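What follows is a set of structures to go through.
Both of the next two complexes hold chain A, though its partner changes from chain B to chain C.
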Partner chain A sequence: MIVAKQKPIEEIIEEVKDSKKLLILGCNECVTVCEAGGKKEVAVLASALRMYFMNKGQEITIDEHTLERQCDHEYLEEIRGNIDQYDAVLSLACGVGVQFMAEKYFNIPILPGVDTCFMGATEERGVWSERCQGCGKCVLAKTGGICPVSRCAKRLFNGPCGGSTKGHCEINKDVVCGWQLIIDRLKELGKLDDYETLAPIKDWSTERAGGPRKVVREDLQA
Partner chain B sequence: MRLQYPENIRIVSIPCTGKVDLIHILRAFEKGADGVYVVGCLEGECRYIRGNLRARKRVEKAQAILESVGIGGERVQMYNLSSSEGPKFAEFATEMTEKIKGLGPNPIKLNKKKAA
Partner chain C sequence: MPLQKKIKSGDFVVLGEFEPPKGVDFAPFLKNANQVKGRVDALVVPEMGNAVLKASSLGGCAMLQEAGVETVFQVCCRDRNRLALQADLLSASALGIRNVVVTAGEDIRFGDHPQARAVNDLDVIGLLETLQKLQGGKDLAGIELKGSPTYFMGSTIDTSTPGGLLEIELDSLKKKIDLGVEYIITNPVFDTRRFQQFVKRVDTTQVAIIPTVLLLKSAGMARYIDRNIKGTSIPSEIITGIQKAPDKVQECIAIAARITAQLKEMGMAGVLISTVGWEDRLPQILDEAKLS
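For the complex of A and B:
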């Protein structure tokens, strides 16, 4: 899922302070799972903002709504009928949702309420960590199911660097060395020979180096 | 026992403090409560294992939010007691009431009055 975390309330207040009628729009997908922008977080943030502005003596109406997704036309269309009454929307979706909203509702400011962090997994409740950087060319088949792009700080493809110490990375001793994980897993799978095979130079054009990316499936297009 | 405790307290009964959500606490303040305190079982003695520990974390989160929006985090408090400790319940009620009286009314309420 896409992992995000809520922006500090001070930053959000600064974003919305001139608004008279604000919609806080949550998203029922990834940001709900990482507890940053789901229905519950919308309610808590709305309550906190209402209290802040009431305390300031500033008149502001804050409504709450949560869509199934903010990255699909059909769900965004649900609010077309009543979005015009708002002078701003604070979206708690990831950066994708915020932008898709902004494209669709061109004349209304769509403000971000969360900082989008990475694609990751829930290690345990309250702990999320990165697993994928969407490089566009998956190598997990060769690396024991552990990604050298997202798990190695240097994105190395042919074994660890000299900074790997006792299974940890030199950038931070709390970061596990991705290549240590790869070697351990290959050993477990009896595929340590894969480690000996030199990985060719990676084609980074499928990553961000090639500019904004797009997937087109003609078989699915209308 | 017939213990006395301040009459201004409104008790909301819940099956376990683990049921208390952050939004319940915040809504109380939004609607003008001057203070909220959650009274749970003793830590380590929750029938549902972690209910009161969860409540404590939510109370702490509520404190942080109320502090950041200018209401004041000290208006929320978590207490723990055993269900047979009636005198302690009365003691907490008095302590909290006095603390809140010292802090004064919920600033939102004051602003609403000013506006009206």
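For the complex of A and C:
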């Protein structure tokens, strides 16, 4: 899933301070799972902002709503009927949702309430970590199912650097060495031969080198 | 006279574009440079134009400086992060290179290594700020330098962008001037009358305009540019002129010389003559354009 975290409240206040009627819009998918922008976070943030502006003696109406997804035309259409009454929307969806909203509702400022961080997994409640950077050409088959792009600090493709100590990465000893994980798993799978073969030089054209990316499936297009 | 001084004095400057080799044989590069030494004010060394791998601008500049030719070092955002850019800029200064032109660089997908990862850590504006910082004696992290560089800062501009986009180019030019850009090199000019329209919109007391004169090599090349390069049109007389000429190469040289002379006449600060592989013909263009 996409992992995000809520922006510092001061930054959010700065974004919405000129609004008279604000909609805080949550998303029921990834940001709900990582507890950054779901229904619950919308409610908590709305009351914090109401409190703040009330103390300042500033009048502002803050409404709350959470959509099933903000990256889908169908769900975004749900609010078309009543969006015009707001002078701004604070979206707690990831950057994709914020932009998709902004594309659809072109004349209303759509402001981000979270910082979108990475594609990752929930390790335990309150801990999320990165697993994939969407490089567009997955090498996991050769690397024991562990991604050298997102999990090795140097994005190495041919084994660890000299800085790997006791399974930890040289950039930070709280970070596990991606290559230690790869080797351990290849050993377990009896596939250490994969480690011996040289990885071809990575083709980054499917990452961002080729500009903004798109997946088109003609068979699915209407 | 150093380039900066000459531009400031209002004298017409002549720059040549010298692309470093794809490989390590710099002999023709240096031979051609020696032929124009003393006849051009400086040689501009592109940094992998069109994202095609070549030896670097810094390398080419270092070779030329050593041979006693003033150079213009091209720094490009595409391939280097802020560490590498600053490192090269410091080295350049220590090698005696003062003239720096910053560019964004064409996208990697247009070049010969489309699998490469683009860097674009800084944009052109950020890179100019970096130059300012270095000149002020500190690096981007705010740490004091041992000896600070001085640069004569330039940039590029695309004058052929249509309508609204040109506004954007001009807005960005203002920002560049505020950040210390003193000269801008344009895309190739073939239609001087149309180019004049662009010149009118720039305050030339603030920034020197150096148009590029591109040496055409054939009528086919001219037609290709005319049809395929957005915003660039080549007057039909030029194309038919090449077609009809008994000595086509001579005609191409004459065209470049003529445009150069016209731009001088128009009061431009100078020209950059780009000969794309025909650097050995640069002296002939200079002769025809009656540039010493």
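Assume the second predicted complex is superposed on the first by the 222 of 222 C-alpha atoms of A that agree within 3 Å, B and C clash if a C-alpha of one lies under 4 Å from a C-alpha of the other, contacts with A are read in each partner's own complex, and residues count from 1 in each chain.
FYI, a residue touches a chain if its C-beta (ideal position, glycine included) is under 8 Å from a C-beta of that chain, and two chains touch if they have at least 3 such contacts.
Computed from a prediction, not measured in an experiment: that's the story for all the values here.
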{"item": "Which superposed partner A:L140 touches (first chain B, second chain C, both, neither)", "value": "neither"}
{"item": "Which of chain B and chain C A:W204 touches, first, second, both or neither", "value": "second"}
{"item": "Of chain C and chain B, partner touching more chain A residues", "value": "B"}
{"item": "First, second, both or neither for A:L189, with chain B first and chain C second", "value": "neither"}
{"item": "Partner chain in contact with A:A121 - chain B first, chain C second, else both or neither", "value": "neither"}
{"item": "Touching partner for A:G57 - first (chain B), second (chain C), both, neither", "value": "first"}
{"item": "First, second, both or neither for A:A43, with chain B first and chain C second", "value": "first"}
{"item": "Interface residues of chain A shared between complexes with chain B and chain C", "value": "none"}
{"item": "Chain A - residues contacting chain B, complex", "value": "9-10, 40, 43-44, 47-52, 54-57"}
{"item": "List of chain A residues in touch with chain C within their complex", "value": "201-205, 207-211"}
{"item": "In the complex, chain C residues that touch chain A", "value": "107-109, 114-118"}
{"item": "In the complex, chain B residues that touch chain A", "value": "21-23, 26-27, 29-30, 65-66, 68-71, 107-108, 111-112, 114-115"}
